[in-house]
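So that you can tell them apart, the chains are marked A, B, C, D and E in the order they are listed, and the count of residues begins at 1 in each.
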Amino acid sequence: MAMIDSTRRSFVTRIGGGAGAMALLTVVPHPASAETIDLPERESAILEAAFGSSVLTPGKISLDMPILAETGLSVPVTFKVDSPMTEADHVTRIMGFAPGNPEPVLADYQIGPRAGLAEVSTRIRLARTGFVYAAAKLSDGTLWGTKFSIIVTLGACVEDIFDLDWQRDAERRAMRAEARAAAAAE
Amino acid sequence: MNIHNVSRRKFIVTSATAAGGMMLGFNLPAQAAQMNANPWELPTDKEGQEVNAWLAIDPDGTVTIRVGQSEMGEGVFTSMPMIVAEELHVDWKMVKAAYASGNRYLRQKAEDYQVAAGILNEDHQVYRRMGTGGSGAVRRSRTFLQQAGASARERLKEAAAQAWGVARADVTAKDSVLSSGNRTGTFAEFATAASTVALDVEPVIKTPDQFNLLGASVARLDTPLKVNGSATYGIDIRLPGMVYAAVRANPVPYGGIDSYDADAIMGLPGVIQVVEIVPGEGQDLRSGLQPAVAVIANSYTRALSALDQMPIKWSATPNDGVNSRDLFADANAALGMPGAISVDEGDTAGAIAGATTVVEGDYQAPYQSHACMEPFNCTVHITDNRADVYGSFQNPPGALAVVAEQLGMDPINVFSHTTFLGGGFGRRSRNDEPRQAAEIARQVGRPVKMVWTREEDMMQNKMRPMAVARFKAGLGPDGMPVGWHARVAGHSITAHIRPERIENGLDNSLLAAVRNHPYNIPNQLVDMHVRNSHIPVHYWRSVNASQNVFMAEQFVDEMAQAGGHDPLDFRLKMVEDLEDWSLVLNTLKEKSGWTTDLPPGTGMGIGISEEFGTVVGQVATVTVSRRGQLTIDKIVAAVDCGHLVNPAIAEGQIESAIVYGLSACLAGEVTISGGQVVENNFDTFKVLRINEMPIIETHWALTGGDKWGGLGEPGLPPVAAAVANAIFYATGKRPREMPIVHTDLSWG
Amino acid sequence: MATIRISIPETAAKDEIVEIRTLISHPMDNGYNVDARGQRIPRHILHTFIVTYNGVEVFHANLHPAQSTNPYMVFHTVAVETGTLEFTWLDDDGSVFSDTRTITVQ
Amino acid sequence: MKRILLGIILVGIVGLIGGLAWAMRYPALDPIAPIDASMEFDSQVVALGRDLAGFGDCSVCHTDPRQGLEYAGGLPLETPFGVLYTTNITPDVETGIGTWSEEAFSRAMREGVDNEGQYLYPAFPYDHFTKITDEDMHALYAYIMSLEPINYTPPENELGFPFNIRLSLAGWNLLFLDTSRWEPDPTQSDEWNRGYYLADGLGHCEGCHTPRNLMGAEIPSKAYDGAIVEGWYAPALNDETTSAVPWTQIALVNYLLDGWDVDHGVSAGPMTPIVNHLYDLPEDDGFAIAKYIESLRPNLPTEAATAELVAFAAEREWDPENPPSYDDPGLQAGVEAFDDLCANCHKVGGTTVPLALTSTVRMPEALNVMNIIFDGVRPPLGARDHSMPEFGASLTDENIADVLRFVRVQYTNLPAWEHLEEIIAEKRENW
Amino acid sequence: MALTLTVNGTSHVVDVEAESPLLWVIRDTIGLTGTKFGCGIAKCGACTVHIDGRAAKSCTTKVSAAVGKSITTIEGLSPDSTHPLQVAWTELDTPQCGYCQSGQIMAAAALLSKRANPSDFDIDTEMADNICRCGTYTKIRAAIHRAAEIAAQ
C-alpha cells in the first residue's frame, strides 16, 4: 500500500508499506455537518407521530454497528445516549429507522431513570446499503439524532443487475406506444 | 454428440487462427509480468507516491493502477488500467496493476475530486464498486476510472506549471512526460507535488471520439504469470504454519449431520483435529453456514483421505424425496395457471383469439452448474484482533463482511486478499465458503486453508435455476404477430436471496429476455410463477437469459415458420425501428451467408438477445447425420456493445460465452435425485472439449453514442437458440429441452 | 414452547446499574419472506417485550419486523431493591411468553 | 510373430527358383507426363475416389503422423525381418507416383507390382485390393492423382537378406494371390453384397481379423477368427467371438461409424482411424458393411444366455458403496489399483459401458486392455466425449499386471490371461 | 515414509505416504503450485505433468509410482518462459482465467514431442483430456500451431 497523504474529505489513514501492519484506524461515525438530521419523508412522519416533532439535533445519541454486513439478516447494533438518567434528566424513548427496509422502524424502546444507563443492544435486519437513523427523546422534551452509513453486500447486485435492460425496455415500449397512438390519430 | 468435423460434407476447416472478424493484429512482444504473482500485493518493491486511491507513481516512473474488479479471465486486470491510463496519458509500457484493497474500500469514502466532478457522491466508498458481476466492469466503472486518470493528469500538469511558473494550459502531458516550451519533466518528479496540489475545477473526462489507447488490443498484463504457473489462485495460498481442511456437508443441501466417528481417524498420519460446523441458532440458511464436518491435517491429501475414511451418518431431511422429474412436473403444471403479471399491453387474449394463425410452444431447461475449473477454497488467518482472508473472491467486501460476522470482529480489522480466480461465472460472488473457512479457522486457532473436492464443489453448488416456459402467439393475415403471451415457471434467485423484493409472486429477473424482448408486437402479456426447491440458486453466466433466450428465440422461429417468413427477415421486420438490433441482424445476414436453403442434414439457425446493454446475434451452422449425430460446424456472432476498450479481450469474452453456452445446451446438465445432485464430477457433468469446438467468428456492429454494454455474459444466451433453430432446419425436429442430447435428432 | 435465556446477576450492590441480556427463540417472520411458491409468508413476530421490577415497568420495547430471528436484547436497570423481575413477550398470535428472575440487593 | 518368420524363409527359397522364370512376366510401364487432375477427372469421380480411399484407409499407412504429410508415406511397419517404410503415393513426379499411368496404378493394386515391374511386399494388401471393380479403381486413381504432390522420399526399407530380394515374392503371389474378380453372392441382398464388396475389397478387414499361415498369408479356413496385429488383438468377428451381447447391424453401425456402441464399448488403437474414416462416409455404405459383418456370426446365443451375461455385467460393475474384495493378495492389489484410478468412471452410475459387456475385457488376449491402460483411448469423431486418459506413466508395471488380473476375474468367467508380465515388459520397453 | 522425487531436475526427499497422489506432494509438500487440482479423477487435465517425458495426470498417480522417474512440472518447462509453447501462448494471449493453462501447456508439450507438426485433428484428439471452462480452445489450437512453427525454426 502506498503512503497516503491526507486529503480533505477522506479519513486519515496511515498505512505502512505493503499490506503489512496497520495503524489503528479511527472510525468516526459520519460527521453530521448539517444542523439537523433530516429523515426521509416516510420515517419523519412516524417520528413526528411518536416524538411530536421530527427535528433532530445531532448529538448525544450514537449508533455502534459494523460498517459492513453480508446478508444484513442479523446486524448487531447498540443505541447509546449520553444521559445521567436521573429523575430530572433522563431519556424517555429511543427509536431506530432504516429507510432501505420494507418497513421503516427498527427499534422503539421506552426507558426511564430506573434504567440507570441509556444503552440498548440488539440485532436487526437491514435490506440494503444505506443510512440507519437513531433518535432519542429526553425528559426535557429535546430530541437528538444521528445517522450511520452501512454497506450490505449480499444482494447488492440484486437490484441493479438488470437496471439498464429494464430501462431500455421501458424506452422502447414508450416509443412504440407513442407511434401507435400517432398512427391511430391519423 | 459430436461437434466440429473435418470432412467432405462439411466446410473445409482452415487451420491456424480461424477467428475472423475485425481482430486487430498482435505485434506486441512477449511481456514481462506486469503485476505481482500475488495480485493483491504491490507489483514493485518501491514505495510508489499515491496521487489518488487509484494510482501511485514509483520513482522510476512505474504507475501502479488499482483494480476494483476480480480477474477471472474477463481481462479486467488489463481493461480497467487501460481506462485510467487513457486519461492519465501515461506510457502504457510503464503501467502495472494490483488489486484495490477490500479493507480500504470499507474505511474510505469517495475522494474529493470524484465528488467535485459530480461522478460520485460523498456517501460512496472510495472504490465505489468492488463486486464483479452483471458484465458491469467497464460500463459501471468507466466514469470514475476516467476521472481518476484525468484528475491525476491535471494535478501533475498543475504541479509542473507551478514549478515552472507557467499556466497549466501551457503544460502538456504525453507518455509520462510533462512539457512546456523547452522544459520537460517526468510524472515521477511531480508525483509528490501532484498528490497535494488543489484544483479549482476538476477536468471533464474524454468522450469516445477522443480516445487513443482505448480501442487498441494491447496484450494482457496477466498472461506472463499464467504461462509459467506462477500466478497465485486461492487454492495456491501457502502461509507459514498453515494447516489444511477437507470439508464435507450433507449431500442433500442444508441437510444435517446425524453422527460421525472422529476417533476412527484421529490416529491417521498428519490428522490434527476434526471440526464440526454448526450454523448459529436461527442463522437463516441464506447466510450460508450449513452443518458440515471438516478434518484438519498438515497436508490436504492427508485431510482428505482421513475425511474419506471417517464414518459419517447424514441425517434424513425433508428433501430426500426431491428429484428433477417431479420438479419439472410441478413447474409444468404451473404453466396452466395465470401467474404474476410482469407485462400487460393491449388485449393479448383478444388479439390471439381473433388471429388468423395461433402458434404455441413449450420449453424446458434444467439446473446448471458453474463448474469453475478451480474448486472452492478459502484461507483464513486469525491473529489477536485481526483476520486475513485469502481467496478467489468475486465480491471481496462480501467475503470480508462474512468473516467479520462469523468471527464477531469489527470489519475494520478484517483484510481480504483477492487472488486470481480460476473461473467465477457468478458463483464466486456468493460468500458462504469464506464463512465456512472462518468458522473452521476460529475453531482451529491456526491459519487454515479449506479446499473442497470437485464432488463437494458440484454437490454444494448454488445452481443456475431451472425453468419451463409456454408461449402462445396469434399471427395476422400477413403472418406477423398481433398478440404474444409468454409464461415462465422457474426457480427464483431473488426469492432465495432477497425474498422481501418479491411482491405478490413477481420476480422480473426470472423473465430476463422474455419481458424485455424488443419485438414490436402490439399486444403482449408476460406472467410467471415462482417454483423453488431446496436446491440453492445463484447468478450463473447471463443468469436467467441463458435459458429464456433458448426458449423465446425458438418460439420466434416457430412464429416465423407458421407465418411463412424467413426467420431473419421476420426479426428484422419487428425491429425495423431499432437502429442497434437492425444493424446486428443485417451484419449477421451478411457475415454468416444466411440461408435456409441447405441440403437435408445441414442447417443454419439464428438466435439474438440483449442483456446488460449489449445486443448479440448469432447464426449457428450445424450438421446432423441420419442417425442423429449433431456437429456444430460454425458460429458467427454479431455484437453491439457500443464501444470497445480492448477488442481482443472483448472477442475472447464473446467466444468464451459461446463455449460456456454450448456446454450448457448440448450435453451438460444438473439433475436432482434423492434430494442431491447426481452429476458431481466431469465424468458425468459434460462440458465442451477442444475436439467439440466449432469455428467461431465475431463481428463488431457498434452503434457507439452513449451505449456502453457489458461483454462478459451477453454472448451466451443466443448460442443455444441458434443451435436449436439450426437443428430444426437440418432435421425438421425442434429440441424443446435443454440439454439437446435428450432429443432424438435422427431423420430421413 | 419458545426457549428463553436470561442472564442477570443474582446479587448486586444497592443502586448498582446491572446489565441484563435476554434471548428468546422465535422465527420472527417479518411478512416479507416468501415460500417456495413465491407467496408471502404472513407476518408473525413478537411485537412487545416488557420488563417489570417488583411490578414497576423498567423497560418497554415495541418490536418490529426488522427485529432479527431469535430476538436478542441487552439493556440495563438500577438494582434498587431485592425483588423479582418479570420478562414478558407478546406474540402477534396472542400467545404470551414470560419468565422471572430474582435479584438480591445488599 | 516367430511362425511368420519361418514361413517367409521357406517361401523365399521356393520363390528364388521359380522367380527367375517369371521375371520377364512384368515389364516396366512407360511413365506418363504429369497430369492436371482437375482437368482430367470429373469432380464427382474424384469425390467417389475420396470416399473409396476412406474405406481403404490408405492414408492410415501412407502417412507418418510424426511428419503429418498426408499420403507422403514414411510410416515404419515393424515386420519380423526388418522395417518396411510405406511409400509416397502423392502425385509428386520425383518422389511420388506422379508418373504412374492408370494402368500402372491398377496393376500395382491388383498384382502388387510397381511401375518398374518390381514386386511389392504383401504388407500392402493387394491380395484384397485386387477385388476392386474397374470403375472404383478409376475413381481411386482420379482421387490419388488430385492429391497435393509432396516431395518427400521415405527412408529405405531395412530388410535383411534374402527378404530384400523382391523377386522372391513372385513365389508368394504364385501360391496365395487370387486375381479373380469379385463376384456378388446371388443368394444375398444387394445391401449385404455392397458390404461384402467393401469389407473384402477396399476394407481388407481380414488383413487384421484373419490369422496368417507360416508364409504370412491369410488362412481362408480361419477367416475372421481373430489375430494379433501390431501389438493389438483384432477380435474374432465370426462364431469365435467372445462378445457378451450379439453384434446386431445397428450395434455394428454405431461402432463402425461413431466408434462406440452402448453394449460393446469404444474403439481404440488401430481401429480408431478406421472408424474416423467411416464416420465421414455415406451412411448407407456403413449400414451395408455392418450387414455383412453381422452375417459372419450365424449362430447367435440364446436370448436367455445374453440376458444372463447382461445381468452378470450389472451385478459385477464396481459399486462404490461396497467395492469387491478378494482373498488372493494379487487380486486384492488389483482391486486397490482399480479403486484409485479406474473406479472414478467405471462404476455403477457412471457414463461408461459396463466393463463386463466390453469386448476388450472378454477377448482371449490381454493386449488391448493393456494398451488402453498405457495409452488411454482417444475420442473417435463419432463419440467426442468418450475418451480415457493415458495411465502408462502413472502406474508401475506391477500395478498394471494386478489390474489386468483383477479385471479378467471380476468382469468375466473366462480363463485367465497368461504371460501378462512379458507383454507389459515388451510394451514398456518401446512405449 | 521418506521418498526421493526428482522434480524439474532437482531431487527432493519427501516424507509422505506411498499412496499419496503425486499432485498434492508436488503442491503441498514440495511447494510447486503451478500444477493445479481440478477434479481428482483424471478427467479434466489441470494436473498434467511429465513423467519421463510422457504426459501423466498427477492427481491419480501414486507418488510411489513416480519415484526414480524424472518429473517435469510447468515451472520446469523452461527457466524463463522461453519454451516455444510459452512464447506462443504469450504472443497470442491464450489464457483467460489461466487456471487450466499449466495442464494445457504440459499436454501440448507431450503432443509436440510425439507430433512435430500436428494437424487440427491431432490437436483436437490429443488435447481432448484438458477442459477449459473459459473456452480458449481456438487460441490453444492456434498457439500449438505457432509453437510448432517456432520449434521448427
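Operating definition for what follows: contacts are C-beta pairs under 8 Å (C-beta built on N, C-alpha and C of every residue); 3 or more make two chains touch, one makes a residue touch a chain.
Keep in mind that this is a model prediction, so the values were computed, not measured.
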Any chain that touches chain E and chain D:
B
Starting at chain B, fewest touch steps before arriving at chain C:
1
Please work out which of A-C and B-D is bridged by more C-beta pairs in contact, and write that pair.
A-C
Min distance from chain CA centroid to global CA centroid: chain B
Most widely separated chain from chain C, with each centre as the mean of CA atoms
D
Between chain C and chain D, what distance separates the C-alpha centroids? Give it in angstrom.
84
With chain centres defined as C-alpha means, what is the inter-centre distance between chain B and chain D in Å?
48
What whole-Å value do you get for the distance between chain C and chain E if each is reduced to the mean of its CA atoms?
62
Which whole number of Å gives the spacing of the CA centres of chain A and chain B?
31
Mind pulling the residue numbers of chain A that touch at least two other chains?
73-74, 102
Give me the residue numbers in chain B that touch at least two other chains, ranges are fine.
282, 284, 500, 681, 683, 689, 691
Would you please write down the residue numbers of chain C that are in contact with two or more other chains?
30, 32, 68-69
Mind listing each pair of touching chains for me?
A-B, A-C, B-C, B-D, B-E, D-E
Can you check the complex and tell me which residues of chain B touch chain C?
281-282, 284, 340, 492, 495, 499-500, 502, 504-507, 529-533
Touching residues on chain E, where the partner in the complex is chain D:
19, 40-43, 45, 50-52, 54-58, 60-62, 64-65, 69, 114-119, 122, 125-126, 128-129
Contacting residues of chain B [partner chain D, same complex]:
1-3, 5, 7-9, 625-627, 629, 667, 678, 681, 683-684, 686, 689, 691-692
Can you list the residues on chain D that touch chain B in the complex?
47, 50-51, 253-254, 257-258, 279-280, 283, 344-345, 349-352, 379, 381-385
Quick one: in the complex, what on chain E touches chain B?
16-17, 20-21, 24-25, 27-29, 31-41, 43-44, 46, 73-75, 77-78, 81, 85-87, 89-102, 105, 119-121, 123-125, 127-128, 130-142, 145
